[in-house]
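Next, two complexes with chain A in common: one pairs it with chain B, the other with chain C.
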Partner chain A sequence: MSALPRTLEPAFAEERRDRGALAREWRLMRWPARASLVMLVIFYLFAAASPLIAPYDPVRQYRDLPDCPPMALHLTRGADRVHGWLFAYPLKMVDPLARRFVPDLSRKTYLRFFYRGHLFTTEDASTPYFLMGSEGLGRDLFSRIVYGARVSMCIGLVGVLISFSLGLFVGAFSGYVGGRIDNLIMRWCEIEMSLPQFYFLLALAAVIPSGVSTVTSFFLIVAIMSFISWASFARVIRGMAAAIRAEPFVVAGRALGGSRARILARHVIPAMLGFAAINASLSIPGYMLGESALSLLGLGIQEPAASWGNLLSQAMDPQNIEHYPWVLLPGLFLSLAVMAFNFLGDHLRDRLAPGNLR
Partner chain B sequence: MPDASRRRLNRVLPRALDDTRDCHTGVLRSRPSRVLPLMGLPLMRLWPCVLLLACGCRVNRPPNDHAATQTLYSSMGSDPGTFNPILVTDSASADAIGDLFEGLVKQNPKTNLIEPDLASTWTLGPDGRTITFHLRHDVRWSDGVPFTAADVLFTLRVIFDPNVPNSISFALTIDGSPITAEAPDPYTVVMHLKRPFAPLMSSIQFPIIPAHTLSHAYSSGQFNRTWGIDTPPAQLVSLGAYRIVRYVPGQQIAFRRYADYWMHDPNGGRLPRLHGQVLLINTDANSRYLQFVAGLTDVYSPRPEEVFTLEQQAARLGITIAPVGIDTGSLFFAFNRNPRHYIHNGVIDPRYKWFTDINFVRALAHAVDKQGMINLCFRGLAIPAVSDVSPENKLYYNPNLKDYDYNLALAAHLLDEAGYKLRDGVRYDPAGHRVEFELTTTAGDEALRGEMCVIFKQDLEKLGIKVDYRPQEFISLVKRLEKSFDWDCMLMGFTGSLEPNDGANFLRSSGNLHLWNPSEPTPATPWEAEIDRLLDEGAAVMDPQARAPYYWRIQEILHDQLPIIETVRARRFIAYKNSLQNYVPTVWGLYRPEMIEFRAD
Partner chain C sequence: MARFIVRRLLLMIPLIIGITFITFCAMALVPGNFVSNLAMDPRIPEAVIKQMEAQFGLDQPLLVRYGRWLWAVLHLDFGISLQYRTNVTFLIASRAFNTVLLSLASMLLSWLLAIPIGVIVAMRQNSIVDRILSVACFLGMSVPAFFLAFLAMDFALRTGWFPVGGTFSPDYASLDTWSKVADRINHLVLPAAVLGLAGMASLMRLMRSQILEIKNAEFVRTARAKGLPESRVLYKHVLRNALNPFVTMAGYALADLLSGAALVEAVMNLQGLGLLLLNAVRSLDVPLVMASVLMGTILLLVGNLLADLALVAVDPRVDFATLAAQ
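Let's look at the complex of A and B:
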């Protein structure tokens, strides 16, 4: 039984090749990878189009609505439909100590879609609708999550871009050239790898000069973080490059008089790109978690700028988790994104494994 | 009673920077570098408390052993810096050794009257310039040596030694000269003052140290290195109600009552009634809260957001949450007016001009949303502050000051009138510079000050002023305040005390905590000169009622010239177990802490 579909599979693939490469890739994905891809697309949409998707200004403080729960939506009935299909009753804080809110049933705030350059928002920005509640200063949590995606989703890309391009070139060069240079570079990598990263970061966060904006200073930290972490990757690449060096196609290239740079760029590095891609997608979550750890400790992205890490710092207070559980939502987004990168990395590994390339 | 409710105004007197809002001590509060969690994941941060909860409640601790052993457990946020009572500069050290040493007199936190301590009686000379203390005869140091006048003279000599850095000397210096003292017999001390000095009785509460133990170290120049935290507790010679029996850095300080303590229960029996105390050291505010909820500690001063939760669970946990009163310190935005920071080689930084421009600062005072801060950061448990003196200080608080209302339109109008024009949403000063400065406060797990800064920043940005908010570690802030002067605007706290002259190190133009321009050689402005003069005159008037107008006028000047913009003042609460008897917290400290005991069940 089991042998039959396997032999049939390539035939199907041949048949549907005309549907386009993207469709074929999609079909080859298993459901976790598909879900991950969709999720990541959504999160990167958050980052790219945050002013459009976020209903409100992420730093606007609704000072009469701190720690406001997510608001219930109601369907509009009858003639009121002209205002919109969905509405919420505006909340009013009756007890600042207990953060108790009661809905004002005499008024309705209607949700408007594609209104004033927002995906959805209320007609009057001063009576907000909080999809995911508000945080301690009365800022819309959903808007902050959307804007926070800019930092949290990009941090990994920037970090991986720097560390992997460095690691790939240095590793490939070192492995291909060999000898004393190889030895020197590898010992240097070992020194860098022995630095305690997190403490190194804490020290760096402390010496970043004042005057640069917090986002700039944070990207500085990420750049530095990736300048440390390229080393371990370079070591792996170096081993692969040393092996590839003896492969017939490289030997042939050398015999035909190809320059060292040309062979590196045209033959050695491309042979390792697949491996690099898998590794990159699997190490992006590391950067995201690193960002959240730093921001959680107040050393990363500073208020009022939002990132998923510093939004989560509100959840460090057990009081907040108990009474305002929605402060954990940024953590949900963070773990979804981390999970998605891991599933996608897994898929890439299967897909790009030797023999699976079609 | 090393708990946060106790204000140590009888220990270290001058006004001090207040790091966290649960700090009730009259001293500089430092915070050690925080212990970092392994990975920084939120749950990782909490796992120690989860463990504590798990083992604390279920395995190790029968629920009532605190009562059975008459041992009071409380917690504090950092390790002590020193065990030397003269050198103390941080509240953790003051908490650690506060019950080890005593002064000649003490102030009753309930009646605010001066009461005998090591001196049983005292008489003031007819000209108000000599004061004679008669010491108790029944006091012994923990090594058995009797306490005598020699100890008092030695302590005074150490305090006034310029080589011993301490904050006590400032409050005891009258017109620049120290108090002289002599001992006609071993149990009498006569002090000579240059002129009548009203704050004397409040300032004379400094801790007395043993001459026979420390004089050798002092004469060999080693005093500043004695009784550091590496000293074995048994070597600390003390005479107060408790002795330290064990100190485990980062974990706890254990106290046992002093067997030879001089104070006795009028009904017979030993004092203090508690047999011992344990002070748990825990740098994380959230886990200090969880420790209290789990019953590991007996007293706790809750943060505003915890008050409600604790009140809800009060019956179940068997605790009482007592309102203590309004914070006696102050919390304010300060602007740097220090020419040493802003003027170099004749080039004046525009920020210097803004911050010394009274119209600019007044406009900013109208941009502080105190009610918003009260609702958002303090859960309504605070009142707007107008003066640097707390309304709890009924005699010296000036009730006639009118607050700067929160009114952004008025603030914008005032800025426009003063020449700070708005163009395309950006505010420019009369010389065409963009109005932009840095705002800082203490970083850390204390979210409250950060939130207040974010609120202020938001309002200033509505006025077109760019604010670069950058929280910093407390210690680095203190260095900036005292040494490099490298700051623009800062949210800072001060501790308060009953005696207004204790704020002299802040108010006086020569003061080391004269934040906006510390240690001025001569007063930089006429109003600063007037404050100096009022302080001198106020200290010379002996009748408290007649003194008040001097300090009212000082508050008026500060309110008018706005070197600091007051924000809000919290309402304080103390939570403690119902099994504690005679636990009477007041805003100025615990009333008769030696009577506290656990109810015998």
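Let's look at the complex of A and C:
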């Protein structure tokens, strides 16, 4: 019973093996894109499950442990294993001025995993284990980084969603309608594009009142950045819409008596959705960097809430970098996330637009 | 050409009015004003506050205030900085000079590095050098400029080879001319390197893809076929054509440079336009904010115009008619 030529069999076998679309996508990725995806999943887990992943309360101050270095972990030997596999010697501040710490070798703090609703923490929250050290007010830096992911990882998504829908709608409308309205909208877009963006961002950020909640200032920042950046997106979409207007299926739709709104919604916009989505995903890092820059300068997310940008503001004082280099860690997380978005965006572009493969 | 320039300059007018008006509205939205900070001081009587408000025109409606500001600007009067109590024009001029200096230096640096590296990498496509540099490029594109600036400050602090931030040394005023220049350059090296490196990666990628595209074009094949030496093919035919988008990009790169410069200025404490604006925004010094935004906009628009003029000069396929039609 071999009706099929032998040469075809492996191809069929292959198709059977990766029936899931997700599995196929995964196999098409090269290692940088895969690593990026994993990293982003971890960071979004940080954001979604921060109370679980953060070992301590992000605003709890350990007043006797300010600017404490990351603590070394030791493997437990022998009978002590009943307390846990890993332990650290609690640090004691010996010089409050120079912030010098020495480990107290007589005591051990054991690390517990999946304990009291935390991924890992110490048995007694008052003798903490600082994975990435603590910041100037004695708060656990790692916990703050985990909570900071909420702001830093979400700002890109929300911002892109706003400017994406705005740009898609305005661009499609403008390109499809053409004529004087098109001209007017495009001139307006040019105004927005020729803004010195960061200067404008700084000036607009002054509007954010100082007393508002973190959520409010988050949305104000997003709104301001979307307001600045939707224009360039609208221009790209508009060019596509103008080209699509001449396509046979749009002409046919018009000939059949479809209204302008119907043709826009049913034919023009869906035709551009894929491209638009990629283009949008490429601008996520811009939002992350914009927010961090504002927060870094003290105009964005305010203390005691954490974002990777305002955590970095400790590094504004070069003395801090010299003596407590771990204050740079939030910047590392930020760079990694931006890098992951860049790699993934690059992969998506290659994947969905083979014509651009180079 | 003159007509083109005049047209572009005229187009700038509504642009500038639009941008400054939006900024003005934004500043008006901010609760409180410069004087309300002083009003919290119990030692200053209320009458003085009222008098100051009247003096600065803060008690007028928004449109009147904007109209007054615009009218003054037309007479090249940017007002008095509420915070520094000096003429804004003077403040802006010296700061803008520093920012332009930083932007140009970093642009020069990134071009001088990115173009040769891009060429080398493209000529050896898919070699190990190409792959390593391409990945490095991606890493470079992803590290934010302000993070690089932190690292640079740390570097300066640890090695002591460069000054830790600042625009010039404390004893700058007492130096002779050449020492002043040397002092300036010494303070400029690290910020320019930071900004230049941050912008370099995307330039290099552009150069690489340009060369790859042109390398197999027909006119290049013709040049080879008529027996030109490889170096001449590269410099005269490939490189010249590959550089065209760079000229266009120079104008847009300026926007990024100004933004990046603002952050690097803030981190490295350089007395530039960005830092000035930041401080002005923090203290609600409206005349200073307005003048900084205006200055940034003008720098950007003039930069774009210059880039377009340069493009016409470099690329014979582009003339003023096609540029104006865009």
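The working rule: the second predicted complex is superposed on the first by the 330 of 358 C-alpha atoms of A that agree within 3 Å, B and C clash if a C-alpha of one lies under 4 Å from a C-alpha of the other, contacts with A are read in each partner's own complex, and residues count from 1 in each chain.
Here is the rule we use: a contact is a pair of C-beta atoms (placed from the backbone, for glycine too) under 8 Å apart; a residue touches a chain by one contact, two chains touch by 3 or more.
For clarity, every value in this text was computed on a predicted model and none was experimentally measured.
Novice: Would you mind checking whether chain B and chain C clash or fit side by side on chain A after the superposition?
Specialist: Because the two structures are overlaid on the shared chain, the partners are seen to clash.
Novice: Does the superposition put A:Pro270 against chain B (first), chain C (second), both, or neither?
Specialist: Neither: A:Pro270 stays clear of chain B and chain C.
Novice: Can A:Arg63 be said to touch chain B (first), chain C (second), both, or neither?
Specialist: After superposition on chain A, A:Arg63 lies in contact with chain B alone.
Novice: Between chain B (first) and chain C (second), which, if any, makes contact with A:Pro103: first, second, both or neither?
Specialist: It touches nothing on chain B or chain C.
Novice: Applying the document's definition of touch, where does A:Pro51 land relative to chain B and chain C: first, second, both, or neither?
Specialist: Touch status of A:Pro51: no partner.
Novice: Let me test your reading of the model: by the given contact rule, A:Pro304 touches which partner, first (chain B), second (chain C), both or neither?
Specialist: It touches chain B, and chain C stays clear.
Novice: Name the contact category of A:Gly331: first (chain B only), second (chain C only), both, or neither.
Specialist: both
Novice: Of the two partner chains, chain B (first) and chain C (second), which one does A:Ala315 touch, if any: first, second, both, or neither?
Specialist: Once the two structures are laid over each other on A, A:Ala315 reaches both partners.
Novice: After superposition on the shared chain, which partner residues are touched by A:Phe198: those of chain B (first), chain C (second), both, or neither?
Specialist: In the superposed model, A:Phe198 contacts both chain B and chain C.
Novice: Examine A:Ser292 and indicate which partner it touches, taking first as chain B and second as chain C; both and neither are also allowed.
Specialist: Both partners, chain B and chain C.
Novice: Touching chain B and also chain C: which chain A residues?
Specialist: 198, 202, 289, 292-293, 296-298, 312, 315-316, 318-319, 322, 331
Novice: So in the complex, the part of chain C that touches chain A is made up of which residues?
Specialist: Within the complex, chain C touches chain A at residues 14-15, 18-19, 22-23, 26-27, 29-31, 135, 138-139, 141-144, 146-147, 150-151, 153-154, 156-158, 164-165, 209, 212-213, 255, 258-260, 262-263, 266-267, 273-274, 277-278, 281-282, 284, 289, 292-293, 296-297, 299-301, 304.
Novice: Okay, in this complex, where on chain A does chain B touch?
Specialist: Those residues of chain A that touch chain B are 59, 61, 63-64, 66, 93, 95-99, 136-138, 198, 202, 210-211, 213-214, 289, 292-294, 296-298, 302-304, 312-320, 322-323, 331.
Novice: Inside the complex, what are the residues of chain B that reach chain A?
Specialist: Touch residues, chain B against chain A: 34, 36, 39-42, 45-46, 286, 289-290, 304-309, 369, 372, 374-377, 379-381, 438, 443-445, 447, 450-451, 453-455, 457-458, 468-471.
Novice: Give the list of chain A residues in touch with chain C in this complex.
Specialist: Checking each residue of chain A against chain C gives 32, 190-191, 194-200, 202-207, 209, 285, 289, 292-293, 296-299, 312, 315-316, 318-319, 321-322, 325, 328, 331, 334-336, 338-339, 342-343, 346, 358.
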